[in-house]
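For reference, the structures are reproduced in the following blocks.
Look at the two complexes coming up: chain A is in both, with chain B in one and chain C in the other.
Let's turn to the complex of A and B:
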């Protein structure tokens, strides 16, 4: 069972679409609807269904009111959707006008379809990493760790670890420390073709959303499914258990790696960056 | 009728039909009955604390329109901003049984529902005219 928490906002019509899609889905057996304003006031009417089902958040826009509400109540988000992002992916624009029109209907339909799709079977990861040695430095009360060997970094603080024709991608210790408690990982789709410096998913904390910028080009072969239940692994182990994406590399990998920092170069780069932040 | 801006907060609840009616009545006030004077405040945004909703409700008269007697909108305004200038409880207007019916998709809106929307918006306008 899925428990749907729409933002149901009245600020933009994206909020309207979130609410309407949730109402439509709640007619089906597999979905329960949670009223965000009542939840905010009193969690107890929903405790039973939240204990039995997975929480799916539907935000209207990037203000993410529904996500913030879930986070403020310490509810674990299993999956989330953003109406504005769905509209964007369809090359549609939802304005401020609150009226129902063809655009809102089309986005609502697409959103309902996404939520009712049976999940594709994800390929299991067979990726192997060697034991990692770390360098570290301290700034104030924070310790920043950087792997000594095998990892390459872009200046968006995302790393890549190459093994044969495959690579694993994640975020650096600096990112997880800046974001603080990571609450949600939004992965790319399996088989997505990603160019170097394209977005390949995002991670989100109560503070901000961080877009993952691909350090190398390739095709997505696996995502770290365990992070849906345990996003805190990105905080606890950003270079190991908290990896994000695996890709099959393209022939251009050598050129891609040439413009990245290796471990020692990123270590020096990060020290300067952290010093500037203080 | 007041000349200054008036804020209206619909509960827009998803728990019952009253929430759906609250949203539609507030939209009617904003788009047809009192355009230009009405500022709708988004309750989820109000609760999240982003935007200027809470500040607006501190500085301008604000009316709550709640779908049922739980009065989520009224309580939120009074918790985060100030006393409301007027409040509507739809349950008291259309009756408990109807108000607590299942929430409605706007594509299933009937003439009967539209009459409820008109009834509620008429009550909101009475508050407008008293301000």
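Let's turn to the complex of A and C:
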């Protein structure tokens, strides 16, 4: 069962669409509706369904009121959608007008379809990572770890680890320290073709949303499904258990890697960056 | 101070910073509060109140402030184009160096 928490924002078209899509879905057996206003007042009417089902958040816009509400109540978000992003991906604009029209109907329909789709998950390959040797430095009370070998980094603090024709992508210790408790991982779609420096998904904490900037080009072959239940692995183990995406590499990989930092060069880069932050 | 290079290229040669759509912006200043790099400037009693003051302080490929803007008033250059330019600049500089040495 899925528990739907829309933002239901009344003063924006996108908020209205979030509410209407949730109401439409709640007519189906597998969905329960949560009213954000009541939830904010009192969690208890929803405790039973929340214990039984997965929480799915539908935000209207990037203010992310519904996500923030869930986070403030320590509710685990299993999946989330953003009406404005859905509209954007369809090249549609939700205007200021609050009335139902062709555009809002189309976006609502797409959203409902997304939510009722059953995903075909692909298993992660048998990706081999050798034992990792770390270098570390301290700044204040924080310790920053960087792997000595095998990893390459861009200056957006994302890493890549190449093994044969495939690679894993993740974020560095710096990102997870900065965001603090990571609450949600939004993965890219399987088979997405990604260019170097494209974004491939995002991670989110109470503080901010961080776009994953791909260090190399490739095609997404797997995502770390385990993070859906345990996003905290990104904090605990950003270079190992908290990996994010697996990709099949292209021929350009040598050229891509050429402009990246290796472990020791990123270590120096990060030291400077952290020193500037304080 | 910001980084003066990005992935080995002079930051000044890379065109990357937010553009504010003033027809959407309502001066809520969520973006300003969010960005730690002094990219924006808030000018009290002036119109527009919010401007991009230090475009080169913006972290190339970062779009984080736009994720805080509920009105979707911030946009960025095309990533693929920017990547192409960075790679081309690196190549040109490398060739120059090799020719010089």
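Quick notes on this one:
To be clear about the criterion, the second predicted complex is superposed on the first by the 278 of 278 C-alpha atoms of A that agree within 3 Å, B and C clash if a C-alpha of one lies under 4 Å from a C-alpha of the other, contacts with A are read in each partner's own complex, and residues count from 1 in each chain.
To be clear about the criterion, contacts are C-beta pairs under 8 Å (C-beta built on N, C-alpha and C of every residue); 3 or more make two chains touch, one makes a residue touch a chain.
The shown structure was predicted, so the numbers you read here are calculated from the model rather than taken from an experiment.
Look at A:63: by the touch rule set out above, it reaches both chain B and chain C. Contact with chain C, but none with chain B, is seen for A:198 once the two complexes are overlaid on the shared chain.
By the touch criterion defined above, A:154 reaches chain C but does not reach chain B. Of the two partners chain B and chain C, more chain A residues are in touch with B.
Look at A:211: by the touch rule set out above, it reaches chain C but stays clear of chain B. In the superposed model, A:276 makes contact with chain C only, not with chain B. By the touch criterion defined above, A:137 lies against neither chain B nor chain C after alignment on the C-alpha atoms of chain A.
Touch criterion met: A:40 reaches chain B, while chain C stays clear of it. Overlaid on A, the two complexes show chain B and chain C touching the same residues of chain A, namely 63. Remark: chain A residues 6-11, 15-16, 19-20, 22-24, 26, 33-38, 40-42, 63-66, 68-69, 98-100 touch chain B in the complex. Partner chain C is touched in their complex by these residues of chain A: 12, 61-63, 84, 154-156, 195-199, 202, 208-211, 213, 255, 259-260, 273, 276-277. On the side of chain B, the complex with chain A involves touching residues 10-15, 19, 23, 26-27, 30-31, 40-45, 47-48, 50-51, 70, 72-73, 75-76, 103-107.
Contact residues on chain C toward chain A in their complex (touch as defined above): 1, 3, 6-8, 30, 34, 36, 59-64, 66-72, 79-80, 82-83, 86-87, 90.
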